[in-house]
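Naming follows writing order (A, B, C and D), and every chain is counted from residue 1.
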Amino acid sequence: MKIKAGIVGAAGFAGAELTRLLLRHPSFELCAITSDALAGRALAEVYPAFAGASDLVFSKHDKSVLADLDVAFLAVPHTASLAMTPELIAAGTTVVDLSADYRLKDPAIYEKWYKVAHTSTDLLAKAAFGLPELTGDELASAAARRAAGEAVLVACAGCYPTATSLAAAPFLRAGLVEEGATVIVDALSGITGAGKKATERTHFCFANESVEAYGVGTHRHTPEISQILGLAPGRLVFTPHLVPMNRGLLSTVKMPLAKGADAPDPEELAAIQQRFYANSPLVEALPAGKLPKTASVAGTARAQVGVAYHAEARMIIAIGAIDNLGKGAAGQAVQCANIIFGLDQTEGLTSLAVGV
Amino acid sequence: MKIKAGIVGAAGFAGAELTRLLLRHPSFELCAITSDALAGRALAEVYPAFAGASDLVFSKHDKSVLADLDVAFLAVPHTASLAMTPELIAAGTTVVDLSADYRLKDPAIYEKWYKVAHTSTDLLAKAAFGLPELTGDELASAAARRAAGEAVLVACAGCYPTATSLAAAPFLRAGLVEEGATVIVDALSGITGAGKKATERTHFCFANESVEAYGVGTHRHTPEISQILGLAPGRLVFTPHLVPMNRGLLSTVKMPLAKGADAPDPEELAAIQQRFYANSPLVEALPAGKLPKTASVAGTARAQVGVAYHAEARMIIAIGAIDNLGKGAAGQAVQCANIIFGLDQTEGLTSLAVGV
Amino acid sequence: MKIKAGIVGAAGFAGAELTRLLLRHPSFELCAITSDALAGRALAEVYPAFAGASDLVFSKHDKSVLADLDVAFLAVPHTASLAMTPELIAAGTTVVDLSADYRLKDPAIYEKWYKVAHTSTDLLAKAAFGLPELTGDELASAAARRAAGEAVLVACAGCYPTATSLAAAPFLRAGLVEEGATVIVDALSGITGAGKKATERTHFCFANESVEAYGVGTHRHTPEISQILGLAPGRLVFTPHLVPMNRGLLSTVKMPLAKGADAPDPEELAAIQQRFYANSPLVEALPAGKLPKTASVAGTARAQVGVAYHAEARMIIAIGAIDNLGKGAAGQAVQCANIIFGLDQTEGLTSLAVGV
Amino acid sequence: MKIKAGIVGAAGFAGAELTRLLLRHPSFELCAITSDALAGRALAEVYPAFAGASDLVFSKHDKSVLADLDVAFLAVPHTASLAMTPELIAAGTTVVDLSADYRLKDPAIYEKWYKVAHTSTDLLAKAAFGLPELTGDELASAAARRAAGEAVLVACAGCYPTATSLAAAPFLRAGLVEEGATVIVDALSGITGAGKKATERTHFCFANESVEAYGVGTHRHTPEISQILGLAPGRLVFTPHLVPMNRGLLSTVKMPLAKGADAPDPEELAAIQQRFYANSPLVEALPAGKLPKTASVAGTARAQVGVAYHAEARMIIAIGAIDNLGKGAAGQAVQCANIIFGLDQTEGLTSLAVGV
């Protein structure tokens, strides 16, 4: 008996990637894909990569469609999850939410950055944050509650927060970063990060052969990164860039070494990351002298991290590479669902990067 | 007990793709990867996508390395297979050869196009041609011999021949193409098709933002296409092009309708392809009005084919899309090995395209 | 005193390229750019490449804006030119039309392919076809009429017809191609050819890392190519493809050698192209053994052509490379305007390709 | 009488771009292009974009070739300029050097970063640093000396230093940046920045669809940026990245606001940049709210800069976009040569970006 899964908002890039993963997952059965815009159209017609592999047809976001599911993956814009999740949970469906609606623990911060009221603070208080390598306890607790018969909610981390936090957390948690200093993050995302909607920004001829920064100082992943890493407001300067590739996200995190700390050598720093992820099968910490590139993880739920040290400036430079749709979205959602349902966290996620 | 496999020439792009597939294959165990140039270096160091996923180290092409294998995949340049295969077969190792050495049934044609003598004509006579959807009988026969204890040889089809023949064969075999008329093939390949060697042609800045034709009238896949499709010399005009993408190969085949034939409608033509591949799980024939794009099969062992009809010119235009490293090389090699070892032909090849 | 020029439909890619060229043209002064959609917005805001280089503001397509122009370049969709051109000509403004409205000499063919009536057949009869290397007489005659005070109309060739005809015409005009045989054209265009409108087809993530054929047997450039090359209906099979690059168009033309002709050697064929373009400063015929690539002409009004010969199939394979927005649109329009106004045809068009 | 110019090391990307610019320059005549590796080969054969546009042939780096030149542009690796420049200057040839050999005013810093002795410190002391918008005085003085008959030396700024310094200098010079604080620069370069040599790093299939950081903390442009901006050692953390595009370089500079300064509003910051470049025709400072993208300057000698302000972190984020081969190399070299020879600084550099 497989676990019955559905994807709400399956039309977008994260939804399509979830579809790709769940169609091949040993333990989940993908029973429903919804999209109000595409309702009635065949998956294989919209995404011809699925031709011959699935007969699924998009349906509307409808209670009847979702009624019998064990788990619903929500790949919807923020506020849409707020509108749907309480009912799903009440109906006994576990929710793995890829939107931002339940990520920020403090509803005031949500309201500040998203400009809408948080209407579901009870669920927010119980939601597990989905970045398994860093929030394993929250997920283990949710898994235990689900095993006891409760429908639970996972709020999966966003793409920039995932790459950034995986790179930086080992050093912050080890106390190697100067308390109160500003952490400076510059990140590069492939164009799938800008969404499936056809706009000038996503037009091939405007995105290709060009790079630009955007959302400087205003990107909504800022408070999420701060929350994961425990940075106070104003301690994080985050500058995302769009680069001309489909998938991939690289985050470069500059952190001042704690004033009292001895200058580390690169091997020590690499070893800190390696020990931190020794039991994390989907995160690879590279040896000293090696830095990750996004092609190494494209199309997968894997991350690679590395670190360099700038001796004169006493600065730790930690770098994380993910696929923004993989470990940064759909892959991580499946990893979280695996954990919640008591499966091996890598089940259905063992593919290696296609990029040579 | 898994089947013991090795890859000879694992350093190149086809070899790396074979490695990726075999590391995750349920029934094969990848025991050895060889490369004279990279001997002693770790796979994960050369291809960081494998970091954390494999501890394999490249070894030299050495008899001792290959001695205990059940099957050797040869991803080597032409003539190298001629030099190695007889010994491997004699030692009882089944060979799945990705090179061109055993593809052309007539050694005289090999010698004409490759400018070297064919030194292994006995094996050539027994080699099964590896394009399962079109040469299933040869492969079935080889599988039977292998089941009876014989080491067998499969000569896998090249990338251009695969895409071209999958698109065109249904119409040629149905007698819809004018006997003796010239078939005109134009094909577009991603840059992995030009190999891993760093040259001016493969330099990013020369390949990017440009397209060109090459090897016009002289490409060595010409006689291979002619052989598969049963075209006499001079009946095929083949023009390959390089296009700026990593993976993917599209072939557009123009075939004059047989003079006596009634003008078909597009639905009939599409139905011919669809019936032809009804039992081929890795080839999807699209419905009338749909044409394949390479992203739909990138990173997979799948092919998609489609067809259009030009009424005024009475011309059938059949189009095939593959990943040149997938169905065009490593994926097809694994498909052939599955067949030869009595496995389901799709085992280890079920991934869907990452390309959105 | 500079010649006063305006661009109608300056918002699209061809319009923007015309803007780029005319802002730097020694003899034309760009006085007006129109776009109903962008009226009131500054050019530099819409296309930041013009920041600091021009203060032009888009205005509506309005008679008053166009009243004082010596020449109007129309970069508008088909039928829009039909609606505007008669009035402009009547008002004494010379029109260089980049649309398809006045390209096809036979209005019945226009109506067949564009599904609308041709409402301006008098002007059509007088329009000069703008592909200077092949229709120099028409342009010279129009230039003479303009010099005599008449407002004239140039219908510039489309992108696929330009590359295809420049490659093929020398051989067809030399009588080397079998009369009545089918000419088979496969062409590859960069994504600017699909227009500025944001659609799924032009979305970076769908266009990137993929190729596909489109409009097979139905593309509207078919009758235009037939007209230029003097091919009867049904003698042309034209298959365009989209490839992932911004600019560039490569056309590969397969033409059967005339039955009576002696087999040419490659040098003879190359010499035929070279002699044909000996006095054409914007078309370079490459020596035997060299084939053009699009990067060599990207960003310019130049074309490069080459040729190969397939002896067994007795097939001439002529290849042309242009920038679809340069020689395929805006560059050619400026070249035509230069000729019409008695300037050197290369004025303002001397840049060499930026592509390395 | 045109000024006689030669390019030493014309085979590489910067050399080819210089060739493209000088072939079309109104006041310079390109008399010689040298390359030891390509000596004897025609320019148009090596770079087919020049077919039909130039008959130049590469010659060896030879005194006789360079003897009669008024100016030699050196597009050579570091140390090669040290070896050639003294002799050229002694022979009366003005040198515009694109290498790093004369950029660093302090030979000890050169020796520290380049691991070779500086053998030409007399010339170093007299060399003008070539970043006209920031070192106009040095160039004016050199121009005066050249006008008086002296052969002078210009050491053109590197690509990362140019984009970084143009973005940041207005704020540092205005005293808005905290004295002694660390400035953090992250920059993204197209692959031409990695050079013409075919390597794994520049192989299309490794560079495409991937991004990575490199040379973290060790890139040799670090001391050059520090020198231009007046930063003490250890006050600069510079992280360059390679991104998959041919040309373009974006630098994002994070600078802490001076402790005493009032929090600026974005309009004030933009106005500071705009005033700073009010008389700089090749640098465009964008209005508040607009950030530069590299496509806006690709293929040109122009730069665009913009700025954002992070209020909570009191951080100025200045961004500069150039073409690494244009304003970052060849375009800037021509701009410097224009100034040195008393021409308008924009002569031959008026082209606008081809990128749409």
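A few remarks follow.
Methods note: contacts are C-beta pairs under 8 Å (C-beta built on N, C-alpha and C of every residue); 3 or more make two chains touch, one makes a residue touch a chain.
From a predicted model like this one, the values you see are computed outputs, not experimental measurements.
Comparing the CA-atom centres of all chains against that of chain C, the greatest distance is found for A. Comparing chain pairs C-D and A-C, the larger number of C-beta contacts belongs to C-D.
Here the CA centre of chain C is 36 Å from the CA centre of chain D. With each centre defined as the average position of its C-alpha atoms, the distance from chain A to chain C rounds to 47 Å. Multi-chain contact residues of chain A, defined as those touching 2 or more other chains: 13, 192, 196, 205, 208-209, 244-247, 292-293, 295-296, 298, 355-356.
Across the complex, chain C meets chain D through its residues 13, 16-17, 20, 23-24, 47-53, 192, 196, 209, 246-247, 281, 284, 286, 290, 292-293, 295-299, 302, 304, 325, 350-356. Across the complex, chain B meets chain C through its residues 182, 184, 186, 188, 190, 205-206, 208-214, 216-217, 233-237, 239, 241, 243-248, 250, 252, 254, 256, 291-296, 298, 308-315, 317, 319, 321, 355-356. Chain B makes touch with chain D in their complex at residues 13, 191-192, 196, 198-200, 202-205, 207-209, 244-246.
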